[in-house]
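Below are two complexes that have subunit A in common, paired first with subunit B and then with subunit C.
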Partner chain A sequence: MTYQATLLIELKPGILDPQGRAVEGVLKGLGHPVESVRVGRVLEVVLRAESEEEARALASRIGAALTNPVMEVFTLEGLKALEGAEGGR
Partner chain B sequence: MRFAVVQFPGSNCDRDALFAFQVAGLKAELVPHTETDLSRFDGVFLPGGFTYGDYLRPGALAKFAPVMGEVERLARRGHPVIGVCNGFQILTEAGLLPGALLANLNLHFTCKEVHVRVERADLPFTRAYRQGQVLRLPIAHAEGRYYADPETLERLEGEGRVVFRYSGPKGEVSEAYNPNGSLNGIAGIVNERGNVLGMMPHPERAVHEVLGGTDGLGLFLSLAMEVV
Partner chain C sequence: MTYQATLLIELKPGILDPQGRAVEGVLKGLGHPVESVRVGRVLEVVLRAESEEEARALASRIGAALTNPVMEVFTLEGLKALEGAEGGR
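For the complex of A and B:
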């Protein structure tokens, strides 16, 4: 089966995020009632696995490998089975 | 002493490093990121650049390169390992040095000359300097803000593992002279054993008058002193 995993990598809470600050400043400048903004990164990984459970475990291993634990945390935001053979190569 | 200068896809300070080793009278050669045997070398230099386009994070993908197993092996055996700029980012990503390098506080790619104070002159990389000496070295990075959690930072400072610190021309350390927001103005650190150095400023770009300065040459001359 082919699955699409959505991984979210973010700076740990408490680590100053100057990108988020810059975006926050612009939004506030536009008059939006924004409290704060943090910028993260989304990875959509299409992978093959025998079951949803295996796909979830694989996605977590990938997330851990790609995250710098000193400054970041990752979350598996979503996992969905893709129709048929699409996504395979 | 023979040094390997690793070329990753996107390295761009590799030839500057070769030149610096040459000026200091040391043997060095380029090796590709696919190399899996560095046994003929006594030390490794990870040059600056934009490995793998700095995609994901600077240095994040380079840590998976085949050569890194050998870099770790040399580091474990006590050989000198130096990472400059992107090389420093690779060393932290690979876990050979603690902490991480975050986006500069001002969000700018900052390319200029800065002053750094030599905090330790008893390392294989710094013997040709004297403690407290102020060097003028170029920096060129967008992600150079050294970060570590409070416990790690305390340990680094307590164990005297900060080798270079951003300063004013007289060695005064203050936020006014901190070009990227690094914690405690940290510009370079070593591992516990003192044989793995990571630094953001580029010593290899300051080894000849024609480059605008020679303050970086001491690092390479220090390594040359190790030979005997």
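For the complex of A and C:
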């Protein structure tokens, strides 16, 4: 079966976010009343698994593989079956 | 009042995602049963506005300013009041 996992990878609170600072500067330069901006990554991963539990475990392993544990945290934002959810091959 | 807007900026479907392809290659190389990966950006923007409507309109303008309309789409994923929601200064 095929599942789509939505992984959110963000910097840990307190870690300097240069990209966020740059965007913040641009928005303030455009006159927007912005106080702060933090930028993260969202990944839509289509993966194959036999069950939802297996898909959830796999998505967590993938999130861990793509995250720098010193500076980042990841969250499994969503998991949905795409096709063949009824055990079809 | 201060609000936090969560903006999601993704490539339009059909647009080649080199970053996603790179991540896909790494995950396949690690042996994960992955079919595809697409990478997007999520921005947490703290902004000042007098009301929720104004905050929503401002967040949309900011999203539009940060999005390349040819290749990207943005979604206002969330908007929440942070402090002084009761009209406090």
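Everything that follows uses one rule, which is that the second predicted complex is superposed on the first by the 82 of 89 C-alpha atoms of A that agree within 3 Å, B and C clash if a C-alpha of one lies under 4 Å from a C-alpha of the other, contacts with A are read in each partner's own complex, and residues count from 1 in each chain.
The criterion applied here is as follows: contacts are C-beta pairs under 8 Å (C-beta built on N, C-alpha and C of every residue); 3 or more make two chains touch, one makes a residue touch a chain.
Everything numeric in this text was worked out from a predicted model, so none of it was measured.
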item: Touched partner set for A:18, first subunit B, second subunit C, both or neither; value: first
item: First (subunit B), second (subunit C), both or neither touched by A:38; value: second
item: Partner chain(s) touched by A:73 [first = subunit B, second = subunit C, both, neither]; value: neither
item: When both partners are placed on the shared chain, which of subunit B and subunit C touches more of subunit A; value: C
item: Which superposed partner A:1 touches (first subunit B, second subunit C, both, neither); value: neither
item: Contact residues of subunit A, present in both the subunit B and the subunit C interface; value: 41, 66
item: Subunit B residues touching subunit A - in the complex, by the definition given at the top; value: 56-57, 60, 92-93, 98-100, 102-107, 147-149, 181
item: Parts of subunit A lying in touch with subunit B, wherever the complex brings them together; value: 11, 15-16, 18-19, 22, 41, 66, 68, 70-71
item: Subunit C residues within the subunit A interface of the complex; value: 2, 8, 10, 20, 23, 26-27, 30, 32-49, 58, 61-62, 65-66
